[in-house]
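You will see chain A twice below: alongside chain B first, and alongside chain C after that.
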Partner chain A sequence: MRIRRSNSNKPNPQSAVEDQIKLAFHDSIDLQFKKLKVASLDITLVFLKDISDPMTIQKAIISPLLSASEGGGPVQIDGIPELLPIASIEEVTDFNLITAHLMDGFTIIIVKHGHIQNAYVVDTTKFIKRTPDEPVNEPTISGSRDGFIECIQDNKALLRMHLKSKDLIFEKFTIGTDVITYIYVAYLKGRTKETLVQEVRDRISSVKVDYVTDGGILEQLLERNKFSVFPELTATQHPTKVANALLEGRVSILTDGSPTTLIAPTTLNMLLQTPDDYYFKWIPASLIRLLSYITALISVLLPATYISLVSFQHGLIPTSLAVSLSKTREGVPFPSVIEAFLMEFTIEILREAGVRLPKPIGSTVSIVGAIVIGETAVSSGIVSPMMVMVISFTAICSFAIPNYQLSLALRTIRFFILFSAAMLGIYGMLIAIFIVTTHLVKLRSFSTPFLEPFAPINLKQWKDSFVRLYFRAGAKEDKANE
Partner chain B sequence: MNEKQSSLPIIIFLISTIIGVGIVTLPRQTALIVGQPNMWVSVIFGAIIAFLNALLIFMLIKRYPKQTLFDFAPEVIGKWIGKLFSLVFVAYAISISAFIIRTMSEIVNYYLLDRTPKVVVLAVLILSCMYLVSCGLTNIVMFFQLYFPIILAMFFLLTILSIKSIEPTNLRPIFVNDGFALLKGTNTTFFSFVGYELIMVLSGYQSFTKWRSMTKILGISLGAVCIIYVLFFILNIGILSIGELKVITFPTIEMAKTIEYQGFFFERFELLFLFGWIITIFTTLTAYYYSALLGICKTINCKRNIFVNIFVGALILSLSLVPTGITELFSSSTYLNNLSYAALIGVPFILLVVSVTKEKFQ
Partner chain C sequence: MKRPILLILLSSLLLILSACWDSDEIEDLGIIMAIGLDYVDEQSARYSMTNQYVVPNNIPSTQGGGNQGSPFQNLTLDGNNFFEIIRKNSLESDRPPNYTHLKSMVVSEKLIEHEPINKIISFFLRDHEFRRTVPVFITKENVATILSVKPTKEMFPAVQIKELTQNIDRSLNVQDNLNFGDLSKHLSDRSSFVIPEISINQDRIHLAGAGIISNKDNKIAGWLTPEEVGGLKWIKDTVRGGLVTIDPEQSSEDQIVLEINKSQTKIEPVLKGDQLSIILSVNASLRLGEDWNIERNVFKPGWDKELKKNGEEIVKESIENVVSLAQEEFGLDFLEFSTWVRIKQPEYWKKHEKEWNSEFSKVPVIVNVDFTLTGYGTQDIN
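Then we have the complex of A and B:
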């Protein structure tokens, strides 16, 4: 950690503000000064060239000022803001605010008349940004296709667009001592518990770091369970998801420069839902919901169950299946535990390789991995075909989990349970499940139990948990007061 | 987080605590004593006695709202005798924990892991329980709520599946009223309802002052357990017959073993039963473990910490390893029963009497 720079840049009326700015930006080449003389006033415009729009500066600042000068009338020092055809112009006195605004692409207007000097900031931002397109890792079937981008203004605009409510409130925070990052906290007044909002504010204020570059980093800084694999905040790039969460009385946290928006508090139930669940009729949607719970369970338990059945409790497998199983395991040199770890390891490597490589090559890798390695591993007798099936089915189940954070967490848990099953069979598996559930029960996300409608039991909320019951037209839902 | 004082978590806590070893061993013990097909009537008698005893305990804790047994016992009867009473209760909680997990380890060794040393089986269970207990009562209550639907579903499924194999002849004659034997059986069945006495510990978590809500809580929990026990008694008798019940060590598991559905993926269902049953053992162990831990901490005036936790765990583990075999284990239950009488009836009764007389004289 670097020591915070002492705050020596206080505005000194003796030395010119321009010199201070120059000093603060170390004479960087993109820092531009433009001097004008309007009536008896000396005016200097300061801006950073590449992130400010020259056309706006030209049209909205320079030409009105020059025409006022040509008019010949006297111009008062406080009269400058009225001359400019711009919606937002404000006076600043804090030097730190001046530098901060400069970095946002604002133009600083310094007006001098004798010893009096005033500084105004004008929004002339021109950022490079992409258009909001569908988030790659959260595809939906029929939901809205816009996604958050790197520009926080546009992200706020997206939220406003999806939630036309006057209760939607944004609060601004700045974190980072060396590099500043803007954080916006959004919530719906009246639906969100004030204690929750306060907890979010407190946690954000307690973050003391040099810089934060991404929402994913902020997520880890805001978490309180350092040794948990489960996420305490949901990261999403979907405005609709955020809008729904806000309607449920949650708080969302937007980070400047990152398309990842965080939702707090997070529950397991929430991580297993997709916006699509709400867009289709409730019976099929409930079945899909149920399916995602089952796939989550399978992806955690299947390899462990298989191992404990094969290496400890053969007696529990139906006889005909046991016979065919032992036939396929003929000639496999390793015990099935080693076999399972070997295959799991391979699958994890393939998956990581698929993520890292560019898309066209990525698919090649999965073909090579799935067909060539799987097929040849079986035919050369290193692993049994049943094991390949179990492990790849598990992998597919973990792909079906709607949330990547959760699927990452469950992957870790799977190894723990697999290890316990390898040691003590079904009994060890059960003990491992006890330990994991104890951890889950203990887990709180912003004071909300992570397993919310299941523990503590809240039967009213079960209608939107592993099933999603029908909507009732005309019934006013009172979610915040629950 | 407990502003609403809802009674559902307490009911769940009690049911999860009460159901334990009894469901596996009770049919055999009762069959040995009663030995007639309508021995399930003893279970109902046992439940009634348990309910009356629970009301006695409630009359005591009602006088000291938001306090556990360990808090008010020294207050009522003097510091040292009160601490002695607390220790009796702690000893009871520890021995009952040791007894149930030892029984469980016998079953695990018999049906699941025949070559794993008992100490390993017991130690991993105690370690995982230690973790849960260290999380505090709020989380324990939540844990029980999470598993409660699973336990119920397991019992329900097992009942549905085994109804087919009941042989009605085994259940006859239905009403041969040998009242004396039934009452003698009550002595045994009563002990499968222990667990309700933990309201003396729960009373520090939620204050119980209203007769109405408390009788509701106790009635529902003991009633539900009673229904499950009677159901399993009838299934056991109907499927295995009294004669077999007397000689099989773990009749309920054998009963689950008899369920066979050809062509279904699982041909055998004792795994299903064992899965759910180990969960109930774990919940029972947790409840008693926590009570013992809390009792020790309150008696020696310290905060709950990891050292006391390890101490209690080690105590339970070493005590559970004392019996050398299953016969000795079952014979040790006589001592346990005497200790239970002291902790369940003796301690609350004396405290109640002293408390009432003190009030009269003031």
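Then we have the complex of A and C:
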């Protein structure tokens, strides 16, 4: 009931809270105070102007208080909450909570009567937010087109909308010492292992940083394998993806102010899936699933294989191809290894340039890249046409990978394998693959093996891995129990 | 934390330190498509070897552009052994020869007359670059000449030579390739065998009969004509197609051509007491392909009786001809009967393995041919 003051030797307790708030916010101009007198009570409303809704304050707080005052009856200091037509009104006693609530756009009602001071918080939030549009880098063919936005309340609402289950639980965490960020952990009680939820809680509580501004940063803070290129949490902006993950017994972590929602644990299998896989009939969907595995493999191995064959194991190329390769490479000044690195480098630059530029100019870059770099480089004899084909096919394959995090990881791995192949041919390539595979087998995401259905092997789960088998009507589709 | 980083650094050093070891750009290689071995017998050198190099620049591209020159270059060099000759190539060609794409090997008659084939082939079986799938051919012509014959449809003579035997299901006179692998198998079996022969016919490469290699001295013992190759194929159960022609001289009718659909030959060595005999039964299904007897009525039951009998007779004759050649003229078992005797009559084989060549000549061979005529084609003119 009494407010614990951080600075107790203030001379005037009457205005102590207001002063403290003023002090805490360094007299910022958007901090507003509104004084009212209701019966014998002194009431002060405190709010931050731009993030609070003045209409709500007017209608739900000021009007009822004033009409109570006009009624003339005695108003008890504890009777204030009953006067206000508001669903949620809380009494706070912690000063830190008061400042936190203010930053959320809440209005603080400070009621004073003599030496007694009470503070209540009322939700009057008015945040700027965009509509939940389809996420740009995760387009789907069919299925829902809404996406998470920067406002965590709306994100929670989206999840609730997609997952109407009373088992859906949100847990709130606060991260950051200087700038606070709210983190919500969502999971389905009963489907999710308690140990997993506990591990997520532990990891979030162990994060000790000044501030977290985005889900991507939180992702890195929660990871345990700092030297791995593979993601330990899936970042997505798709509510359906998150809903599906929750149904599979995973945990999702929402960050305030970021549309990126994290899913833990993550497996390679999961990164190569798209929600679309589930929306179409299982035979074509399975073929598409297989295709995404194949493209992932090609995007990692193709340049390395080409280098190995062209500069080491010539005997493995079919004769007619070997002969024509030898013809097209005639007069190319660089060894194929340098050529490959040159082209890979160019492609990466084009890619980055395409991302950074605004959309209308972005397409220009791809045209310049395709025509100038590709066509001219070949006709001027700097690179061989086969190399251009190999590198561009690899790039296209890596665009086809459904998850950008994985695509990034595989790009890195591709360079490692390419380098090994350049040194030792197929032998080097195999060594590199062996190293990467060993790492993947060892890798764990929140105590779940990264290669879950494959290593350790779990044949039952294979029906939703390389292929996606049919759904059974009638039988309970309970993925968490499999 | 320090140690894993050190480990990563050290292991990446392993990769870097090797520094493109063993790397050879494909355009720096002299891809060899064919080799030809010949006997020269001069003071300075006894053998010659022809290497057929690919000349990548002269390969016609799909985008047009005139074909400036020949896409291959033959380099014939002399020497006393083949390894030395190959290394001598480096004096004339800047691109080191690479044999991983070798398509065919041609050996001259003269060479096999003078040197046993197991000595000739020794280097090629030993070296790692030579595949065991490279087919070997024998020729009576000059090897360098036959490898310079401009191929009619392929780009390289080497490929043309090798691919000719793909017509094994088209003609009875085409036999399957004899690979390095088969050759080494025959050599370690110490059995006689035949090598397909190529020749030049009006400036074209021509698949002829076969040369017989004796297991006594591993040199050439004789030759088979293309027709005799047909008989050999019936015996060795390698008939996969081809024609049986019934000449007017052999029957009362005008000529008839039968096409072989399927054929199976069974060789059964039978032991009676100590006397071995071999029963060779051929089961083939054929169809009427070409008939010069227009008045034949194929809708009458029994129309095929005469054909069947005549056809069987012809095949039986050709088989018996080859058997008598092997038994009487050469006294060499290039029919691969030894394999069947070894499998079916192991005890007899153990006893007579040493003198099989002489035993083989005395073995009576009973030939049974059974034809099934399956049809007369899509339409009969009557």
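Definition applied: the second predicted complex is superposed on the first by the 462 of 482 C-alpha atoms of A that agree within 3 Å, B and C clash if a C-alpha of one lies under 4 Å from a C-alpha of the other, contacts with A are read in each partner's own complex, and residues count from 1 in each chain.
Just so it is clear, a residue touches a chain if its C-beta (ideal position, glycine included) is under 8 Å from a C-beta of that chain, and two chains touch if they have at least 3 such contacts.
Predicted model only: the values in this text are computed from it and were never measured.
S.K.: Tell me which partner A:135 touches in the superposition: chain B (first), chain C (second), both or neither.
M.R.: neither
S.K.: In the superposed arrangement, does A:319 touch chain B (first), chain C (second), both or neither?
M.R.: After superposition on chain A, A:319 lies in contact with both partners, chain B and chain C.
S.K.: Tell me the contact category for A:265 with respect to chain B and chain C: first, second, both or neither.
M.R.: Touch status of A:265: no partner.
S.K.: Figure out whether A:143 sits in contact with chain B (first) or chain C (second), or with both, or with neither.
M.R.: neither
S.K.: Is A:327 touching the first partner chain B, the second partner chain C, both, or neither of them?
M.R.: Only chain C; A:327 stays clear of chain B.
S.K.: Quick check for you: in the superposed arrangement, does A:453 touch first (chain B), second (chain C), both or neither?
M.R.: neither
S.K.: Which partner chains sit in contact with A:231 here, chain B, chain C, both or neither? Use first/second/both/neither.
M.R.: A:231 sits against neither chain B nor chain C.
S.K.: For A:424, select first, second, both or neither according to whether it touches chain B, chain C, the two together, or no partner.
M.R.: A:424 sits against chain B and chain C alike.
S.K.: Counting contacts the way the document defines them, which residues of chain A are shared by the two interfaces, the one with chain B and the one with chain C?
M.R.: 312, 315, 319, 424-425, 428, 431, 435
S.K.: Which part of chain A faces chain B closely enough to touch in the complex?
M.R.: Going by the criterion above, the answer is residues 312-313, 315-316, 318-319, 424-428, 430-431, 434-435, 437-438, 441-442, 449, 451, 454-457.
S.K.: Using the touch definition from the top, list the residues of chain A that touch chain C in their complex.
M.R.: Those residues of chain A that touch chain C are 227, 310-312, 314-315, 317, 319, 322-327, 329-330, 332, 335-337, 419-420, 422-425, 428, 431, 435.
S.K.: Please give the residue numbers of chain C that touch chain A in the complex, ascending.
M.R.: 4, 11, 15-16, 18-27, 29, 31, 33, 54, 56-57, 59, 61, 98, 100-101, 103, 129, 131, 155, 159
S.K.: So in the complex, which bits of chain B are touching chain A?
M.R.: Contact set of chain B toward chain A: 1, 8-9, 12, 108, 112-113, 116, 120-121, 124-125, 128-129, 131-132, 135, 139, 141-143, 145-148, 265-268, 271, 274-275, 278-279, 282.
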